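Presented below are the structures under discussion, each in the form of structure tokens.
The two complexes that follow have subunit A in common; it is paired with subunit B in the first and with subunit C in the second.
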Partner chain A sequence: MRDVAVIGIGSTYFGKSEKSIIDLGLEACRKALKDAAVEPKQIQSFYLGNFVGEVLTGQSLIAAMVARGLGLGAIPATKVEGACASGGIALRQAILTVASGEADFALAAGVEKMSGVPTARVTTALAGSMDQELDGRVGLTFPGFFGISFGAYMHQYGIDERCIHQVAVKSRSNASNNPVCYLRKPVTVEEVMMSYPVAEPLRMFDCCPISDGAAAAVVCPADTAREYQRKPVKILSIAQTLGSTRISDLSGMVSFEATVQAAGQAYKQAGVGPWEIDVAELHDCFTIAEVIDSEDLGFFKRGEGAIAATMGETGINGKMPINPSGGLLSRGHPVGATGLAQIYEIVRQLRGEAYNQVPGAVTGLAHNLGGCGAVCTVSIMQKM
Partner chain B sequence: MRDVAVIGIGSTYFGKSEKSIIDLGLEACRKALKDAAVEPKQIQSFYLGNFVGEVLTGQSLIAAMVARGLGLGAIPATKVEGACASGGIALRQAILTVASGEADFALAAGVEKMSGVPTARVTTALAGSMDQELDGRVGLTFPGFFGISFGAYMHQYGIDERCIHQVAVKSRSNASNNPVCYLRKPVTVEEVMMSYPVAEPLRMFDCCPISDGAAAAVVCPADTAREYQRKPVKILSIAQTLGSTRISDLSGMVSFEATVQAAGQAYKQAGVGPWEIDVAELHDCFTIAEVIDSEDLGFFKRGEGAIAATMGETGINGKMPINPSGGLLSRGHPVGATGLAQIYEIVRQLRGEAYNQVPGAVTGLAHNLGGCGAVCTVSIMQKM
Partner chain C sequence: MDKPVACLECLQCRRLSLPPAAFCRNCGSEDLRQLTVDQGILYSYTRIHVPPEGWPTTGPYIVGVVQIRQGTLMSALYEGVPWDRPVMGSDVRLKYKDDILYFSI
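Take a look at the complex of A and B:
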């Protein structure tokens, strides 16, 4: 297998958009191709991550539509789906296709169009990634699931809820500097506590917003990357794992086995440990999720993630900067796009060009999680 | 890249089923694993083709659900979608994962659950793979699309409609021997002509039925295949291409560029020509589609496919046996499953175990097509 590097990245603004799902995908891909200085006809493989496109927009075959719109050749163009981890999966597929020698240039994209339909329909569509014969039947949704998780974490570790709400405060603060973000108004911990109760103790500001958006990346062999990009970023590893698909199958509500397994595989393959990661984009679909992720990935000990967030350790100048982009909570979470939006941010950090630049960042990590911890991707990247 | 072989196949009955989409997937996968004498924990990569699962059943994250139900490990489990070519794409991904050395055993499956919802909803869901900003907006559906194609073929080549209806007669005749098929009652060309007009000259019996079903295959390196399967089947090639995503983008209504390109790539990679194929399963979603496919794949000259079908050349004992299984027209077309149902039949043919065995079949071809000729897979297999 060959080493692979990211040579181009692109992202739309995340938030509400008038554009169609296809046009969002096209915008992100065109930006990534331009950033890589690669022509559409040079791309030999295309993967697009998307979750609820068919359900919310009525448009399927999205990968082919975007590929054709870009003017790609008679190449494989495939949509991949793994709920909210669809974007991470698309990146992994593109990387594998280059690593194996099947393609010299591959394009990965992620897209979602969620606005313009009633919120209840969006929530129902997202809940489709729960087991419909069990958890779905009893009416469980993701805010409900993470509300349970929030309460379980507080109870298990004796943590005050404000320590978890603090994640939202940090997120909004970072987002206030990042123009691609949806929610850019700073909030205080009191404002989070006073926001609408969604599934107590989970409040509105603990939840990522329903969003439209797309992001994309171009990859090629690491040894030729500098011909196309002054600041290529090398992929040290990317792991994808399967975990629990239903709540009764989880070993607990304060850890996701799929993340633990993917992190183990990714660290091993990259030959680096969590202490060597300079910056990370984690799947903070809810404040409590970032806390759990930060422990599952080994950045903090069990039960210490929320305290660390409160102490500022996950801030841009902290010991372990997490979600300097603003994360899902503030950038927005157009689900299929998120895995690639994380890559967009990490690559910018490792190029030294991020809006909230982590000083001297050399090694970065992205973590994308789908379902009730059912599918996870973890990728580790390094400045070349 | 290593040579890859199919060592296990499984299929459910195709037709109406009381089973859930997950249970259909599980049944086909368990049969394939049993046929391969491989344990679930040995599988290192899983791809599942599915098209309209989220829309029709409300269940997404289907790949992870099936993988978890099978007891697979913490491995990548990914749904792939390319409209009606989703199954062929899943097979290709599984093959690539073994060819590249990433996995020693990979499982590919396809599934669809289409019964139990109103026919209009199914037709609308399928039409989602047309460009919704253009063809979808004017109300075009797939029966309409292939009705236009049927008329164009008759007009362009001066062919009597009965020559095209004849494909349905052959299909039903084959299906009458095949217990996995949905429509097993033989029909005459007069009965096809007198069946309900769907999009004239396309009649009801020219159309594949809405169906439930799943099929699966296990692949491993060719050099170790005999340790698991007495009659392994070697993959000589598998190609996936992008073609037109909208009707205005087609060069005509009687050929699909994606098929022509995929066939060219697959023949070249396999080092065989169309004259060396002993048996083929083609994407006969409508009678006219089989005729067009048979020409696009080089089995017959332009304008001669329907005549060849009428002369019996595509029958089991004909010069070029096509769809001995009964094809999509009679076996049924649970869309995501079809690409793997074709592999199921070709592997049985090359093992010499098919219900409608083509005598002495050594080399087989499967052709899976999605959208308005937007995505195509062509695979060529050989007895080892």
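Take a look at the complex of A and C:
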């Protein structure tokens, strides 16, 4: 297997867009190709992550439509779905196709269009990634699942809810500097606690907003990467794991085995430990998710993630900067696009071009989680 | 109509699987025996204010996760009123009514 590097990245603004799902995908891909100085006809494989596009927009065959719109050749154009981890899966497939030698240039993208439909329909579409015979039948929603996690975490570790809401405060503070983000107005813990109770103890500001957006990345062999990009970023590892697809597969709700396993594989393959990660983009679909992820990835001990966030350790100048972009909570979570949006931020960090630059960042990690901890990707990247 | 809660216990790895499951979801064994469960401990819960499309009520409702034997978790709808404050760690009863799993204090 060959070493692979990211040579181009592109992203739309996240939030509410007038653009169609296809046009969002085209915009992000076009920007990534330009950033890599690679022509559309040079791309030999295309993977696109998307989760609820067909349900919410009625548009299927999205990978082919975006590929055709870009002017790609007669190449494999494949849509992949792993709920909110669809983008991470698309990136992994693109990396594998280059690593195996099948392609010299591959394009990975993620896209979602979620605005303009009633919230109840979006809630139902997202809940589609829970087991409808069991957890769906009792009225459980995605915020509901993490509301239960939130309660369990407080109960198990004796943590005050304010420590978990603090993640939203940090997120908005980061987002206020990042024009890609949807929600950029700073908030206080009191404002989080006064926001609408979506699924108690989760409040509106504990939840990522329903959003539109797309992001993309171009990958090629690491040994030729400098011919196309002055600041290539090497992929040290990318792992994908299967976890639980029902609540009854879980033994607890304050940790996700899919993350623990993916992190273990990714660290081993990269030959680095969690203490060597300079910056991380985690799957903070809800404040409590960032806390749990930060423990599952080994950045903090069990039960200490929320305290660490409250102490400022996850801030840009903290001991372990987490989601300097603003994360899903503030950038927005166009579900299929998030995995690539995280790569967009980590690559910018490792190029030294981020809006909330972590000083001297050399090694970065991205973590993308789908379903009830059903699918996870963890990738580790390094400045070349 | 009220029905008992059926689980499948794997005779190889001893883990419980909830139907629908043709094989053990932990090890794939077909060596299963059915057992019924009617109680557990409340692991955690949420009060949902934004229901999915087609949900019969617009007001809030409580969904809990109940821990049964060997640490197996099950999601269940709360049978009481939505402004109740169930206590985590307390004993609860489980039953099926119209194919929906309910828990009650």
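Brief remarks on what is shown
Please note the rule applied: the second predicted complex is superposed on the first by the 384 of 384 C-alpha atoms of A that agree within 3 Å, B and C clash if a C-alpha of one lies under 4 Å from a C-alpha of the other, contacts with A are read in each partner's own complex, and residues count from 1 in each chain.
Here, a residue touches a chain if its C-beta (ideal position, glycine included) is under 8 Å from a C-beta of that chain, and two chains touch if they have at least 3 such contacts.
Note that the structure is a prediction, hence the values are computed from the model and not measured.
By the touch criterion defined above, A:Gly370 reaches subunit B but does not reach subunit C. Applying the stated contact rule after C-alpha superposition, one finds that A:Ala152 touches subunit C and leaves subunit B untouched. Legend: residue contacts after superposition of the two complexes on their common chain; A:Arg68 is shown touching subunit B, with no touch to subunit C.
Touch criterion met: A:Ile89 reaches subunit B, while subunit C stays clear of it.
In the superposition on chain A, contact is made by A:Glu133 with both subunit B and subunit C.
In the superposition on chain A, contact is made by A:Asp249 with both subunit B and subunit C. In the superposed model, more residues of subunit A are touched by B than by the other of subunit B and subunit C.
When the two structures are aligned on the shared chain, A:Ala199 is found in touch with subunit C, with no touch to subunit B.
Applying the stated contact rule after C-alpha superposition, one finds that A:Thr123 touches subunit C and leaves subunit B untouched. In the superposed pair of complexes, A:Gly144 makes contact with subunit C only, with no contact to subunit B. Counting contacts as defined above, subunit A residues 124, 133, 136, 249 meet subunit B in one complex and subunit C in the other. Within the complex formed with subunit A, the subunit C residues making contact are 16-18, 20, 25, 43-55, 60-61, 63-65, 71-77, 88-89, 99-101. Subunit B makes touch with subunit A in their complex at residues 1, 20, 22, 46, 51-52, 54-55, 57-61, 63-65, 67-68, 72-83, 89, 92-93, 96-97, 99-102, 124-125, 128-133, 136, 240-245, 249, 257-258, 261-262, 265, 370-371, 374-375.
Contact residues of subunit A toward subunit C in the complex are 118-121, 123-124, 127, 133-141, 143-144, 147-152, 155, 196-202, 246-253.
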